[in-house]
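Each chain carries a letter (A, B, C and D) given by its place in the written order, and its residues are counted from 1.
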Amino acid sequence: MEADVTIILKKGVADPEGSNVKKALNLLGFDEVRKVQTMKTFRIDLATEDRGKAKKDIDEMCKKLLANPVIQTYRVEIR
Amino acid sequence: MEADVTIILKKGVADPEGSNVKKALNLLGFDEVRKVQTMKTFRIDLATEDRGKAKKDIDEMCKKLLANPVIQTYRVEIR
Amino acid sequence: MDTDDIRVAVLLIEGTNNEGEVYLAFKRLGAEPEFVHLKQLMHEKDIFDYQCLMIPGGFSAGDYIRAGAIFAARMKSTLCKKLIEFAKNGYPVGGICNGFQVLVELGLLPAFDSVMSNYPQAALAINDSSRFECRPTLLKHESKGNCIFTKKIPYQEVVLMPSAHAEGKFLFPLEKKDEYLQYLIDNDQVVFRYVGPQGDYAGYPWNPNGSIHNIASICSPEGNVFGMMPHPERVFYGFTHPDWTRVHKENGDGKAVFESVLDYIRRKF
Amino acid sequence: MLYEVDLIGADDQQLLKISEEAQLGLSLSEMRRIKKHFLEKKRNPTDIELQSLGQAWSEHCCYKCSTQILKKFVFGIDAPQNILVIKEDAGVVEFDEDHAYVVALESHNHPSAIEPYGGAATGIGGILRDVVCMGAQPVALIDPLFFGPLDSSHVPRGVKHPRYLFSGVVSGIRDYGNRVGIPTVAGMVYFDEGYIGNCVVNVGCIGVVKKKHIIRSRVKKPGDLLVLVGGKTGRDGIHGVTFASAELNESSEELRGAVQLGDPITKEPLIHACLEVSNKGLLEGMKDLGGGGLSCVVGEMALAGGYGAEVELDRVPLKDVDMVPWEIWVSESQERMMLAVDPKNLKEVSKIFEEWDVNSTVIGKAIDEKIQRIFYGGKKIFEMDMEFLTKAPVYNKPFQIKAIERKDPPFEEPDDYGKILLRLLSSPNIASKEWVIRQYDHEVRASTVIKPLQGVLGKNTHGDATVIKPLESSYRGLAITADVNPSYTKIDPFWGSASAIDEVCRNLASVGAIPHSFADCLNFGNPEKPERLGELYSSAKALGYVAKALEIPFVSGNVSLYNEAPYGSIPPTPSILGIGIVSDIRKCITVDMKKEGNPIYLIGETKKEFGGSEYLKLLGISSKTVPVVDPKALKKRMDSLISAIKDGLIASCHDVSEGGIALCMAEMSIGGDIGARIDTGIIGNMRVDHKLFSESNTRWIVEVKHDLAREFEKKFKGALFRIGDVGGNNILIKNDDRTLIDIPVKELRDVWNAPIYDYMG
């Protein structure tokens, strides 16, 4: 089973990487770019077909490692 | 208009980040994790409502800055 | 105890890379440092064989996911109870740069309500510049006596210790920012703050990452767990200061950090 | 799985087709030679044998076009400090009684042009392995870089914009170097139209080893086991060397097999483990897997020992299980090393690698015949004479040296020198490189005692050379610098290359170091074109000429040819890495001016030499008088300067290079945050712009400690001019009564700091 875990910066937390990319795009002449936000996705391949368990495990992974709740939230999408 | 541009490593290109994350998850006891791939998404806010132009511009941005066709492909999703 | 009996565990996993400098800092002062791989603490070695645990800088596990996150998660899953015990007993635990990131991810810092919080209460996020920043930083010492790693540095003295990191922006959860900051100050947990050459709380580049309250270093409420982004081990001698050909100094500003912690151990154990 | 290739029955046209389809990169005459060999053997080669030859005979691996030239000029400079030079992956030179330092310098141009991030990162990975495989601990990285102008408005199809390349390359070096914890301490960045189609990315590494732990890249005796350690072997990086030995064109992007990302976190423990087994004396030999992968390393290690080898290819741990034998054999997957181990030490070696969580696998052994055999699935799939395999053809290709008429066109004297100085300061080639330098951790290992940025905190200027203190128990230091000025070499490969050596020596002497060894990376265009090979010839000749006169050896290097696109070649780019020795790092000095009232001297003669100068480029005038070098004068002034620094007479020192005296003064002021009052009247009788901006070699500006000025004047041998004093808030330059420049230091600094940040964000 495959799941996409996307880590997203919480609202209000600065995204320097995103602003850097925006700046670079503007410098290249893409003036219409107003804002860029960055997100990271981990596509995780799990050796299980049990959706419930997969969901629970992934939640666990996010809490233990993949996201820092101070600045990040996450979204899980089982494919 | 907002678009999500996701950058994905081509098949066959080693993904050190992904393999290091997999290793870490296994060490934490998530034995059922078989593989982890990483992807990066840029959510781009464009000052235009013209979908056609947006699509074309984003394609251009990917080619010039966001992705390198040698090792990466990208997927654009207009929201 | 005597200095030459003090055993310091310099803890590492793959990607740790400042271990040699931290090791030498203790060695030069006469203590007994030792490299310890996290793996080894699972069977052949015991953390209680040491009086001090140091987590050096580097890019543990490549800093993939977030700086220090993988190292911290692995420590938590293998060592959690012992670590709490170790810190509770007053043994010093120090983290420099990547080590600071590990301690924050672990919940050993700021540790407001227990020795180790279940989830991180702070974060060391990507620098505002979005770049790796290797530059000299000036730090004002603001610990009023709580922190055992800086006792030999006078209150409010400005010292020079270089920074070198891409993720060093100290942050609290947005909704709790003011409250937590107040705790930190009230508990005497703020150890160093970035300042400019005039001693003012300056912005970039003197604050190289955009940390709130110009925070460069904090300690636990008890003062024995300590983390800092800049590198004291890189300024052990005067001639490693960036401006030593202009301003002569016999000792580097970082030496006092290592002297302080050894002094504490000598007295306490 | 395995094919026999019908070579015996092939005619010329078919031979060429075979070479092309299998991406062998071999010419018709080379294919004929191979055909003849197999005719004698009365059989056809297998695909793996043919691929192996393609690797071994590539320019990248065997220098078939350049060897003769290098031998004639660059190799074989005798010096007492030489320990192992030119023979191995890296040069080994004496540091002190018990220690040696190790130097390696290589190009990673083609991969970086295609995938700047991964290309540059794997370049760093490769150069680290070159140093580690001598048994040395890496202590510093160096990166001379060359790109098209950042403001290029148009680049040809299939070519990436210089800004994209610059940003990707710097990120790649940063992420790899920082993650393995080796400081990147020196390098250069140069922008020129000539690099739009082909960027040049050179990477160097310096290591330190106890003399008794130096290890060779060879097997010692038959029976020695070949142990492959590190990462797994994959399809990544197939045909890297044949790719590096061809011109880039629009479709080069499709050759992506040759490009990889690199994995520093596998590398870091690999370095530890290799150094541990080596320091414990458990190895007979060690070599890194670079270009050509297994196919090169096995043969070279065996032959260097005077033996052959047998390999069981199915033992190689794979990333992709369906790889066919020839792919396994030539894959250039990163983070791998080959060890030669006596069977009695195998157990201990394996144990150490296990402790570091690094794979180690015995894949073969050395044998007592000069033959290389490969077995796969129990079957012999490869058998070739080592001599034939590794004795690539050597060419004396025709070359042509262009005549250069050393003449300047007359031009009018401009009226506002202040404006010119400001414009020079903001030219990207001169402007502050802080944007790059601070992204690299140049202080990790805590031994960088003279840093690349120097001066008052927060008001830095560029240093000339960086100094490392590599040993805990000694104050002895290594000074490091890299240089070449492509604007010179483009006009005059001979004097341009000679100038590179002059500049490297100047930089080393500026901190008080005695120049001790060089490494060179010769980046040129297509050697099949006589005028290109002529450039290589002139350049190598000049390097040899100056180095021999100075008695300083070239200890290692690398040649990168085919840096050429359909619309042109790169400028000749011999990048030179210079290493100097300081006996006590506490005596080193920096560029930033120190103290009000100290006298300022100019060392060396100023001539009218404007070829390739920043000044004339600014005015849009072309000139051919590239600065010449007088090695005797260089040696004399250098010795004198170094001894003055050692005696503690000098407060700051900077060599005069791009932009001439005016620029040199500005940079010293920017770091010291203090002005200077200069009078150029005594320099000689020439037009004032010649004095201010000529780029004649072998010159320095020094600030002498006020109370020691007499002693300095007495001691210093050679051309010396007292041109002014430190002081004030402005750079004030006069010529007798005429004021030429009067600008606040702060204004100079602001103009100099901004440009690269402005382009790169």
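We adopt the following convention: a residue touches a chain if its C-beta (ideal position, glycine included) is under 8 Å from a C-beta of that chain, and two chains touch if they have at least 3 such contacts.
Given the structure is predicted, the values throughout are model-derived calculations rather than measurements.
**Q** Consider the two chain pairs C-D and B-C; indicate the one with the greater count of contacting C-beta pairs.
**A** C-D
**Q** Quick check: how many Å separate the C-alpha centres of subunit C and subunit D?
**A** 36
**Q** Roughly how far is subunit A from subunit B, centre to centre by C-alpha average, rounded to an integer in Å?
**A** One centre to the other, that is 11 Å.
**Q** If you average the CA atoms of subunit B and of subunit D, how far apart do the two points sit, in angstrom?
**A** 34
**Q** In subunit B, what residues contact two or more other chains?
**A** Residues 16, 20-21, 24, 28, 64-65 of subunit B each touch two or more of the other chains.
**Q** For subunit D, write out the residues touching at least two other chains, lowest number first.
**A** Residues 264-265.
**Q** Using the touch definition from the top, which residues of subunit C touch two or more other chains?
**A** Residue numbers touching two or more other chains: 61-62, 64-65, 70, 73, 77.
**Q** Can you tell me, using the touch rule above, whether these chains form a line, ring, star, complete graph or other shape?
**A** Looks like everything touches everything, fully connected.
**Q** Subunit D touches which residues of subunit B in the complex?
**A** Contact set of subunit B toward subunit D: 10, 12-16, 19-20, 64-65, 68-71.
**Q** Residues of subunit A touching subunit B in their complex?
**A** Per the touch definition, subunit A meets subunit B at residues 6, 18, 21, 24-25, 28, 30, 32-48, 57, 60-61, 64-65.
**Q** Tell me, which parts of subunit C touch subunit A in their complex?
**A** Subunit C reaches subunit A through residues 65-66, 69-70, 73, 76-77, 105, 119-123, 125-130, 171-174, 210.
**Q** Quick one: in the complex, what on subunit C touches subunit D?
**A** It is residues 14-15, 17-18, 20-21, 24, 57-59, 61-64, 131-136, 138, 160, 162, 164, 196-197, 205-206, 231, 233-234, 236, 239-240, 242-246 of subunit C that touch subunit D.
**Q** Quick one: which bits of subunit D touch subunit A in the complex? Just the residue numbers, please.
**A** Per the touch definition, subunit D meets subunit A at residues 163, 167, 759, 761.
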